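Scrolling down, you'll hit the structures one after another.
What follows is chain A paired twice: with chain B in the first complex and chain C in the second.
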Partner chain A sequence: MSHSHTFAVTVTAITQVTPLIKHFVLKAADGAQMPSFSGGSHVVVVMKGATRVYRNPYSLLSSPNDLSAYEIAVRRADQSRGGSVFMHDHVTVGMTLQIAHPVNLFQLDKLALKHVLFAGGVGITAIAAQLEDLKMGAVPYELHYSVRAPDHAAFADRLLARHGDRVRIYHDSAEHRIDIEGLVAAQPLGTHVYVCGPTPMIGRVLASARAAGWAESHIHWEQFSAPPVGDPFDVFLKKSNVKVSVLPDQSLLEAIEDAGVDAPYLCRGGVCGECKCRVLEVDGVLVHNDHYLSPEEKASGTLIMPCVSRAHGKNLVLDL
Partner chain B sequence: MLIRGIKSKPVYTPLAPDLGGRTHLLVGFGVGAEPLTRLMADCTLAGVTKASRRLLYVTDKSASMAMHEMMRHADAGEVQLFKDSASLLSEFETILKASIMGTRLYVAGPEAFMGLVMRIAARFNLNRDEIRAEECGSPARRVHCIHCRAATEDVTTNIVQCVDCQRWLVVRDHYSRRLAAYMGVMIDAEVPGELPPIEEVFV
Partner chain C sequence: MSAVFKTDETFRDDFKYSNSPRAIRRFPLPFVEDKYMYSVNIEPHVPGPKDSITEFQFDVDEHYIGECRDREIVLKEDPLRYQALPHMMSAQWDVLELLMNHMSKDYPEQFSLSKQGNRWSWHNKLLNIKNEFTFGDPSTLPREPLDYITRQAQGDFVVMDQRDGDFYIEAGMVTTPADWSMDFDMGMSFKEWHGPVPLAHELNVFDRALKFLLNLRINEPVRRLNWTMTVNPRLDTSPEFYPRWGSDRASVTADNVADKAHIRVELQGLWRLPRSNAMLFGIRCYLISIRELATIPKWARRTHRTLRDLHPALVDYKGLTRYRDHVVNWLAPLDDGSPTTSGNAPE
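Right, the complex of A and B next:
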């Protein structure tokens, strides 16, 4: 199923662009053109570590108009399961990786009359490719990009060179903050807002837009959650008749895959809904970490997103 | 004969305040005065301020003098009355050009009128979650001739002669939001002049 959609790419360049972010250029191992994509897409990168396989989603930041290579940027997260650390410490130029075909869960609205984009930190990646799509069109757009300090402004020069005064950079270190409330308060009809960045920034943009009366169809955001580390637990997959133990630094989906059961997935970040699974029995509590299920669905205890969510308790039975 | 059961036929629901909005634009025609009056009362109950409401209304013979007076003194921050649809639509477009995000549109009246209002709203990218519409008044249709592209107004029959190319058209339930009209397709192409019975159906 999902796994067979991967293809081999060669890492052709690696650059440390900020103290925490590395930039990777990937080309098709067979020399062919990369599959086409639209701004806002991500790919899942499969990393074969010494003891386990990591599959992490990364937004494509290169131009959708240049299919000679894909570019991704990876922020090092030391306190996580290890995918980003693997990308930083073990991936070298010339190495071959498997990646899945691009999927876009953060699309530009094609009928918008104006686009206002907010990015924070490594969240710039998905937005950078969207800007390339917008540059080809005639619809006005503006980016407000917030970073910790000048040396953390990944791709700032490149963005300024490509988009000029449509891009504004803000430095937290200089107490230079984006006036999000002011910016969303007086936009013309037909404006769409997009945000990708740290959780508080997404929260502020959503809250400000809603407070200004924006309808949901004009508000777009993306945040991949890394599956949080948690307590180990066991799960029984009823259809497959397999019992699986989930380790503390392993996601439920990864444990299911390690057991040889082919479960559906797309984003691996709790966003898309593809891995949604029915919970047949649970003795304990489900720990929902996704952005997909509604509060009612989460409370019902009958559905779980194995890519980011876990369970606490003695018994969990899934319809897989 | 009539071609029914096409999904593009719009579905309308009774107007209710959208508390998410900050500016509320109410647009009505004829007997649309009734749902708009009810809406304004519901807005007040729900805490939507009078100042945030703006009303555009055009009367016609379907509305009584009493309704017209009711609209003149409507409970809105600004009230504008028009003698015909064209001048209302022109003012409506001017207002949208100057409007900002946070605006909600409420439309009440016959479908043919509401379609023209919503066609303008669509040009400003007002989406379905920003527009509410309640149908009342004449069910007469605006029919788009798919052959010459002219619009025939106030169609009440299942079959109608195109105002421009004179072809006989059967009125389908296939509705276009972009054109604000139902599709009319030539009915006697095989045997010119051979028409099924013409019946009053949209009355």
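Right, the complex of A and C next:
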């Protein structure tokens, strides 16, 4: 399966919610209700820039029970490929964008006896809609949300208003940190833990849960990697018989798409495995940035995830 | 040309069942070439030609009333053919919404749906069922949402929850199974459920199918055809009632084979459900007697060759061992050895 079908949405409101994060409200361009989705889903937004097309995944943070609009939040990343900067600098109210149908790679476990959620920074966007699903149910839940400083607490007021004392906010600037190890260790049997945030936070939650003897099936995290910038390199697509040059601020997948080759994808963040591709030849090193391939697969040099990973070297041939 | 709905069909006892010429021409013969082996034959469930069984996502045909009536008979005797675990309620509403939206849009003369916010009104004119209810509130329907809507739809429905990179059977309505039991399989993972299928595990069919399904997207359903054979046009060939139909296989003779033996084709569809992120597996069953099938010369030739050369493990698994030779012998005079065009369409 390759390019998802997209549909047109109109940007109906834009709000700067923190110094780095803008919040966008999207409504169907034809006035219809938005498609139903589940908490934890993301959509891929297609942005037509002046010289190239960006496709970035953003979590849906609006309530699955309100399908009048979708809401996303975009953190500005200046040192990146340009999709978030495009959203910040070029997208205006009234503009039409294309988005794909929602995909959920971070879903709540329906058998959990309790849900404990950890969010850091813009990671709250993946968790906010999950909280709405949980609010409709009868299973206890609690959110621990860590931000740099009070003016970075995007959506804190809204979360507190919706979920009351089920939400706790922590400010790094006040040396007010989450006791992740203590919280995880104190949970009753049958609890599921979810985390979305910076890499060290995800690492601490995973390590705490594993140290406390939790089953892997009860530990959930989402870490979409933005495709990192890097050195330019060339790739030859054998089946398509096309040579492609990957620019420093372009992902391998984007370069393949720009060359007119229809490559499969789903998350565009190194998570789902849909774009996994066989490496036929490599003279140099593969720079793996995904969370999907096993360490052994990465070391083998025979597989790559073009959505986030790159190569250093003279020659790369892919089975595409 | 739309279907003329039959009102007096039966799928048991006197077996009052036949296919009209229209139903024969749209029968989904599962053999696209002159031989058969498993493959991951999954394709997007996009609209097919007008009047074909894939014109719409949920096909409603001339057998609708009889099939719904047969389901009621099964459920009355064996209520466990419908089951849903408590955590599947959001998926139940997903299925109800999907079926009502499609049936009312595609068959407006038979089904109507109107919505005022969460207040929904449903009218099934073929079964004379009318209800107003609040979407999301099970207490406003006479039955659980999945139970309610699948009693008004042809085919079996299984709902799988997704967890831990796998799918688990945790809800469904199964009254027309080809010798499998949902009651027995409840809670099983995808591969456990498919455990009895021969050969396919060695071909890694289920590894590939599972990986594919885990990434299946909302609004992009897929389908495949599966098939077996059934003696008499019986829908409920369940292990629960095996004593009622198992011995039918011994009743096939050279004289009665053309009317007794039926090809049974399942149009299997898979839909990602949006609110629950669960997976709906629909198994829509079509039955055709060998005599009806042979009215299409190409199908007689192709079916003859396919059954004659079928892998012994599949003959056994599909339960054809006792009467396959009768079918092959009856079809043989209709096969002059001339080539058949590829694909399953009548020539």
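What we mean here is this: the second predicted complex is superposed on the first by the 317 of 320 C-alpha atoms of A that agree within 3 Å, B and C clash if a C-alpha of one lies under 4 Å from a C-alpha of the other, contacts with A are read in each partner's own complex, and residues count from 1 in each chain.
FYI, contacts are C-beta pairs under 8 Å (C-beta built on N, C-alpha and C of every residue); 3 or more make two chains touch, one makes a residue touch a chain.
The structure presented is a predicted model; accordingly, all values stated were derived computationally and were not measured.
Participant: With the two complexes superposed on chain A, say which partner A:I72 touches: chain B (first), chain C (second), both, or neither.
Facilitator: In the superposed model, A:I72 contacts neither chain B nor chain C.
Participant: Now for A:H5: first (chain B), second (chain C), both, or neither, which partner does it touch?
Facilitator: The answer is second: A:H5 touches chain C but not chain B.
Participant: Is A:L303 contacted by the first partner chain B, the second partner chain C, both or neither?
Facilitator: After superposing on A, A:L303 lies clear of both chain B and chain C.
Participant: If we overlay the two complexes on their shared chain A, which of chain B and chain C does A:A129 touch? Say first, second, both or neither.
Facilitator: neither
Participant: State whether A:M87 touches chain B only (first), chain C only (second), both chains, or neither.
Facilitator: Neither partner.
Participant: Is A:L111 touching anything from chain B or chain C once the two structures are fitted on A? First, second, both or neither.
Facilitator: both
Participant: Output check: A:L266 vs chain B and chain C. Expected answer is one of first, second, both, neither. What do you get?
Facilitator: Once the two structures are laid over each other on A, A:L266 reaches chain C alone.
Participant: Name the contact category of A:I21: first (chain B only), second (chain C only), both, or neither.
Facilitator: neither
Participant: Which partner chains sit in contact with A:F37 here, chain B, chain C, both or neither? Use first/second/both/neither.
Facilitator: After superposition on chain A, A:F37 lies in contact with chain C alone.
Participant: Looking at chain A, which of its residues have contacts with both chain B and chain C?
Facilitator: Residues 109, 111, 216-217, which sit in both footprints.
Participant: Given the complex with chain A, which residues does chain B contribute to the contact?
Facilitator: So the residues of chain B touching chain A come out as 20-23, 96, 99-104, 124-130.
Participant: Could you please specify the touching residues of chain A with respect to chain C in the complex?
Facilitator: 1, 4-5, 35-38, 40-41, 64, 100-104, 107, 109-111, 216-217, 266, 272-274
Participant: Show which residues of chain A lie in contact with chain B when the two form their complex.
Facilitator: Residues 109, 111-113, 184-191, 209-210, 212-218 of chain A touch chain B in their complex.
Participant: Write out the stretch or stretches of chain C touching chain A in their complex.
Facilitator: Within the complex, chain C contacts chain A at residues 87-88, 90, 94, 97, 161-164, 211, 215, 217-220, 274-277.
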